[in-house]
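We just call them A, B, C, D, E, F, G and H in the order they show up, numbering each chain from 1.
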Amino acid sequence: MTESAASLRVEGVAELDVARTARRGYPEAVYCEGKSVAQVRAIAEALRDRAREHDDDDGLENGPLLFTRCAPEQVHALRTVFPDAAVDGVARLVAWPSQPPSPCGGNVVVLCAGTSDLPVAREAWLTARYLGRSAELVVDVGVAGLHRVLDRIDLIRAADVVVVVAGMDGALASVVAGLVCAPVVGVPTSVGYGAAFDGLAPLLSMLNACAPGVGVVNIDNGYGAGHLAAQIAAPPRSQSGA
Amino acid sequence: MTESAASLRVEGVAELDVARTARRGYPEAVYCEGKSVAQVRAIAEALRDRAREHDDDDGLENGPLLFTRCAPEQVHALRTVFPDAAVDGVARLVAWPSQPPSPCGGNVVVLCAGTSDLPVAREAWLTARYLGRSAELVVDVGVAGLHRVLDRIDLIRAADVVVVVAGMDGALASVVAGLVCAPVVGVPTSVGYGAAFDGLAPLLSMLNACAPGVGVVNIDNGYGAGHLAAQIAAPPRSQSGA
Amino acid sequence: MTESAASLRVEGVAELDVARTARRGYPEAVYCEGKSVAQVRAIAEALRDRAREHDDDDGLENGPLLFTRCAPEQVHALRTVFPDAAVDGVARLVAWPSQPPSPCGGNVVVLCAGTSDLPVAREAWLTARYLGRSAELVVDVGVAGLHRVLDRIDLIRAADVVVVVAGMDGALASVVAGLVCAPVVGVPTSVGYGAAFDGLAPLLSMLNACAPGVGVVNIDNGYGAGHLAAQIAAPPRSQSGA
Amino acid sequence: MTESAASLRVEGVAELDVARTARRGYPEAVYCEGKSVAQVRAIAEALRDRAREHDDDDGLENGPLLFTRCAPEQVHALRTVFPDAAVDGVARLVAWPSQPPSPCGGNVVVLCAGTSDLPVAREAWLTARYLGRSAELVVDVGVAGLHRVLDRIDLIRAADVVVVVAGMDGALASVVAGLVCAPVVGVPTSVGYGAAFDGLAPLLSMLNACAPGVGVVNIDNGYGAGHLAAQIAAPPRSQSGA
Amino acid sequence: MTESAASLRVEGVAELDVARTARRGYPEAVYCEGKSVAQVRAIAEALRDRAREHDDDDGLENGPLLFTRCAPEQVHALRTVFPDAAVDGVARLVAWPSQPPSPCGGNVVVLCAGTSDLPVAREAWLTARYLGRSAELVVDVGVAGLHRVLDRIDLIRAADVVVVVAGMDGALASVVAGLVCAPVVGVPTSVGYGAAFDGLAPLLSMLNACAPGVGVVNIDNGYGAGHLAAQIAAPPRSQSGA
Amino acid sequence: MTESAASLRVEGVAELDVARTARRGYPEAVYCEGKSVAQVRAIAEALRDRAREHDDDDGLENGPLLFTRCAPEQVHALRTVFPDAAVDGVARLVAWPSQPPSPCGGNVVVLCAGTSDLPVAREAWLTARYLGRSAELVVDVGVAGLHRVLDRIDLIRAADVVVVVAGMDGALASVVAGLVCAPVVGVPTSVGYGAAFDGLAPLLSMLNACAPGVGVVNIDNGYGAGHLAAQIAAPPRSQSGA
Amino acid sequence: MTESAASLRVEGVAELDVARTARRGYPEAVYCEGKSVAQVRAIAEALRDRAREHDDDDGLENGPLLFTRCAPEQVHALRTVFPDAAVDGVARLVAWPSQPPSPCGGNVVVLCAGTSDLPVAREAWLTARYLGRSAELVVDVGVAGLHRVLDRIDLIRAADVVVVVAGMDGALASVVAGLVCAPVVGVPTSVGYGAAFDGLAPLLSMLNACAPGVGVVNIDNGYGAGHLAAQIAAPPRSQSGA
Amino acid sequence: MTESAASLRVEGVAELDVARTARRGYPEAVYCEGKSVAQVRAIAEALRDRAREHDDDDGLENGPLLFTRCAPEQVHALRTVFPDAAVDGVARLVAWPSQPPSPCGGNVVVLCAGTSDLPVAREAWLTARYLGRSAELVVDVGVAGLHRVLDRIDLIRAADVVVVVAGMDGALASVVAGLVCAPVVGVPTSVGYGAAFDGLAPLLSMLNACAPGVGVVNIDNGYGAGHLAAQIAAPPRSQSGA
């Protein structure tokens, strides 16, 4: 292990894994839920300062910085550090630099079962784009009206990886996996009530998909789904360059 | 309550609810799991003797006797009491008299998602028939190969009630409910493993069906599903005659 | 599948299943929980505009629009779009047109176990009425005072379908199912505390009802129960016309 | 604490709480599940020898010895130690001396919802009798046929404590508690399948009984229910004599 | 059943079980959680009016009215209906008439494991007193400092029934049950965090008490515990008078 | 949908999705758990006969047939139908034809945390190979001895997809995902006891992996993991050729 | 038991276990969650007065007083009683006297997996210090960047006990336990979302650590972890002096 | 990491962590549940051969080999490899060499709540002894007869670490922790039934012990408890020598 100098310490707060792009191909994102505004700001400043020290003022070298699950006050603090960052209010995502890189590798299609699943679906879609993939978002195609997904079957079959975001019965993951060649990333959401048990129902449903080919991430984990989809659709060289 | 004399007592063992046909329109079935062979035999003999006393030697008057979830030894004991009973080894069902009554009321279609769901699906299908409905059974039409259910859509849409029997992701119930007018009875099964948690996954999935119109019964409860379907598809007079 | 043009797209927000009445006999309702006020308003406007385009200014042709689980701000927004809509504050339901259609088919009786179950019970009762059935609501007849339900036995036995709304032990569903011919739709509620586990207790209780004939919907799902009851009590032609 | 010499040690196996009758009014029972035949035998011999040493050859002084949940081999071993013990095969209970003491205190009524609940119900009924109460057992009076319990209402209302043994929906406990003055001891059983989750459903149902006055014991815990009922119905002096 | 006229209807809101004192010996309490202020007030007014009609202006005849789990606004509304009611802010209990009846029957001792359990413990203690028993409350005697409960052993052993209120590990119920003759009513509370899972830990602990003689009620159910304790310690005639 | 003739019916038993290779790129496997020997044999014969009818006597055209989770009697039956099939007793897998196809696409590495996880790991490894990928299996490299996995880091980093099979704490998935560029397929196993809760512990652990890039399949689902890995590592044309 | 006078009663509120230092070596802490401000203040005043009565004005004799999980209003109240107390806002801990005692015994190292785990980690770290141990806190060393923990391996191996605080997958506990001789105290936290289920995931993960040597405390229980660590690293005489 | 050559590979079966004694101070044990007899034998032979190669024929150098959870056939196989191994049938433990090393460090006391907990308690007790500690086992001292544990208080207080093995309510851990200075290792067992949920009840109870100072291991994990206790009671040099 020669990665000893691979951390950026924010004293008493964080030890940022700045070697992650070199090691894994994608930078570490900052998960903001559960962090105070002051902590988020301190982390952002440390990352900005490091970029400047590396003469990476536009953040293009080390890949984009993503701040996920940002509350409004955290967004406000981040804007003071990165005035030109992009903010997606629905996905609660802040990205710097604001433009995703030019896409390479395969194509990602994100299917969103219902309107209430949008925050998670947009987080997945944006993450895949900021990590370098072309990605498309299709909204409100749950199985209650099956024609909505069948109407898009050509688009879906053309994808190199399909992300299915669904709450309640989570049935869309099974249905889609049964129709396509590409791997499916299933993202159960906490949308629903009662016996949905905060996402347990679609989680179990996706884990038990009767069609093979579904890899499941945590409930509401749009970021993780976009990251995994970006890895699956990565251009061939990304593997060999590790 | 004038139903005081409505019970048939098997001393120390059971108090049979022989007024149920009069009160509800359908006779009480005998659930055999958890009963000893001797208990099942004693109950069967009491019911046979009562039928004889009522000059109902062919069992036609009070509706058929159904013994559910019968182990082989219990089947053996029942055959000594009702030599001409019908036995379905897959559904573990014993019925007397052996012939279902002539069907009346609406039509029941039972959809079975996979081969392993057959015991439950057959129990539902036979129960609906013995309780007086015409019923059809369609096997192995899970959503992993969606064309299998879409190919039968005319048959399914012609039903007055659809019973969907599925384990694993239980997604078939949602998909079917989204395609038909008729009410759907969902029967989750314990088919599957791991995170299916003995039927919990399809149970939650069906309770959270994104298409309204699904009434769910207990895991593996083919008998209950057939009974409920028979009630839903009952001829109009059956309600008024209560 | 010839239903390709069956969706009404609200760009980036929703893909409304406007073919549902044609396909299933009942229109899609809009579940408002988890949607922003702006999203609800955009959906409502799209539906209103479509009704106008179809010269269906009074909404009579395509069936009533139901907006369920509306928060006060959502109700406010809906009233700006449909000034003459009906609003039930307890059930959190907004309906347009405000008058239910003339009832046809069978009769629905909704039994509400306790006062705290009223929001769910009223949602079921109103849904059944807006979907075209005659329906009656009976309040506070839990089994702790059994005479309350026994006193109504004639009314209950005259129903074509009984909806039982109960939290805590959910025992009313079993008791009622044991007394009537008609199918029972069980709606567990999150009323209770502690080991009620937000409705898990009555959910399990109803799924294990010792009397057959209970179809269970999701916890607090008054809309789904009213919808299922309307389907069960639909006039015979509705099935054949699918 | 002067009870230091209150234990009977079976070296490396058990430390019997022989002071329990003096301290609590009832002797310690030996729970045999999970013990080897050799361990059960060693415990039985130690208890027999101690009785002899105390010139209590007929076991009348210290209260009866109860061995619960005995497997057949354990019964066999116990019979070699106490040849005149009573054995109830259904309840899996071995008692010595074989005759319950003359009853004193109030009256216990044990209600058993279904035939499959009999082992637990008999264990409760026998325990109450061996601990000194008069007790009656009523079998198969579940709420699916409500008249069965209403027909016995006078008997039930005459009890000083009612034990309700029920699996599946456990609804009988609520119904009975709503009809009587006496406290109810609820015993959920593991009878049922699927969403009964080995007794979880009736356990939660009884804990959430909408009628107050139900104290719940562990699933299948007939012994504990009989013991608690015996305490509740104890004659007034038993408390003062502690 | 001659109890047909036994209900007091508050139209569309409640059907009060006013026959409960005659039938069970204790009046129905009004559980206020989940009820609106208007509903609570309407119920209170109906009960007050009925008392007046029965010339029971001081509420002495039918037993005290208890309103449980009252939020401050509900307390305010109740005071406008019953200006002289007693209010316990910690227990969130409102009682009318304000004075408990003269105690009869046995003695109740309520043990409260920790300070945070006080709301539940006081609800149990006050309920037992308003239902006619003498009752004592002992605070903060959890097993972490075992001497605290051993120091009170004489008081506890003198009780006819002991109520143990405890969260976290719930161990106090087992320890106490092992030391006394009287039955123990166990009340698990939601006090604790993490793996206490809102009271699940002490609930399971009490259900599995290694000492027999514990009847468990719902988590945080102080009212139910006080009611059950009152029944257990009722004077002998209360049973015979049912 | 033009796939109407895409099923092979085994009357009353199964409806085989023989169009799956054309639609998804991989043939349907036969999951044998829960099927009778007769059912497995009937399915195998139908598939063999179809292969012959299509002049595909060596099974090379439509991809290999996989029979998973085979009990010894089922293996025996399958050998009578496919005498030259390959059988892996540890993985409980039967494959025909016996030789995997020549590998194409990327490389799969399967990491097995402990010896007891071998059945699942071998099922994943063999499935990936029979579906056309080169695959390597590394055994017993759990994190308790971290050097075991660090010693193989070059091999692991050279993979295009890594399958991690682990029970107990499931920590290996997080650790590996943090070290590599490639996507990780996590397979929790039921290895462990007590609070492993039959695989729940590693399932939750993998779903909450602190390193992004883990897609999780069902507990013990080696087949699904191998299938998903084969899809992820598929050669670029397989996506475009769908 | 001669500890009868070992309690300090705050009437109707608490019975403080002031003998705990004598009995166990460490004083009782006051857990403030669930206590009202008035209760916390009353307890603090009683403890302060007792210290004065014992001429222990600087609190040095009986060990430090710790108030845990303090809300801001509670902190405010405590400051009026102990103006010179130390307050840690992140850990929500108030300590008096403000200075930890001089450390004795072994060394404690607290590892904190992520920034969001800091409140719990600081509570553990401060508790160990106030209970007399030297302790070090290392922040943000989760396994997603394994080098962060491997870089500190010498520091960690020098500890006499290691406390690992981690949410999400909880994998750090297994990894660390596999690398060191010293016992590990695992503290799962509620950091995470979805299938972390409020700390259940890391709790199960730590309980199933594949490396032996991990003792687990409750979710988020920093106080308990610091206490246990202090006991494990206590100087030899503390045991013999009990 | 210089431990690269630290593994002993049994090809395709296991990769034994033979560096563990050097790294952690204690050798790796072989957990036999879930391993085939052939696998266990192969592992044993590899370990024996390695000992011989290192001229460690009596196994004294590298610490004892422990094989845990051995089924009888596995014991038989192990005896052919290590004819002079010690076998404890109750604990299902095989140890070689048969004699534990001379004890050093502190003293371990293992408390076993009931007879049925003996297999787990003996496993903990023997493990601590084979890992080099003096250890004592006290049997059947559950809290139902509190005097049994209070009678041993001097022995328990003299321990450097106390292991509490208990099923059902697990209350013994709290009670003991409240009485002693030393840390307590809590081992919940699966002893019990019904709502013990295979050890969940005592697990939660111990995690929520109201007395601090309890570190909990997995359900039935006697080996892990003995290992952790040995670490806690290790002589001071063992830490410094790591």
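In this section, a contact is a pair of C-beta atoms (placed from the backbone, for glycine too) under 8 Å apart; a residue touches a chain by one contact, two chains touch by 3 or more.
Just so it is clear, the structure is predicted and the values come from calculations on it, not from any experiment.
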Steps needed, at minimum, to go from chain B to chain E via contacts: 2
CA centroid of chain A to CA centroid of chain G, Å: 36
Rounded Å distance, chain B centre to chain H centre (Cα mean): 51
Sequence positions of chain H contacting 2 or more other chains: 1, 144-146, 150, 178-179, 194-196, 200, 203, 207-208, 218-219
Chain pairs in mutual contact under the definition given at the outset: A-B, A-C, A-F, A-G, B-C, B-D, B-F, C-D, C-E, D-E, D-H, E-G, E-H, F-G, F-H, G-H
Sites on chain H touched by chain F in the complex: 1, 3-4, 6-7, 12-17, 19-20, 28, 31, 33-35, 39, 43, 188, 190, 198-200, 203, 218-221
In the complex with chain F, residue positions of chain B that touch it: 115-116, 118, 139-141, 144-148, 150-151, 191, 193-196
Complex contacts: residues of chain A adjacent to chain F: 1, 23-26, 29, 106, 150, 157-160, 178-183, 185, 203, 207-208, 212-219, 223-224, 227-228, 231-232, 234, 236, 238-239, 241-242
Footprint of chain A on chain B - complex, ascending: 113-114, 142-146, 168-171, 173-175, 177-179, 192, 194-197, 200-202, 204-211
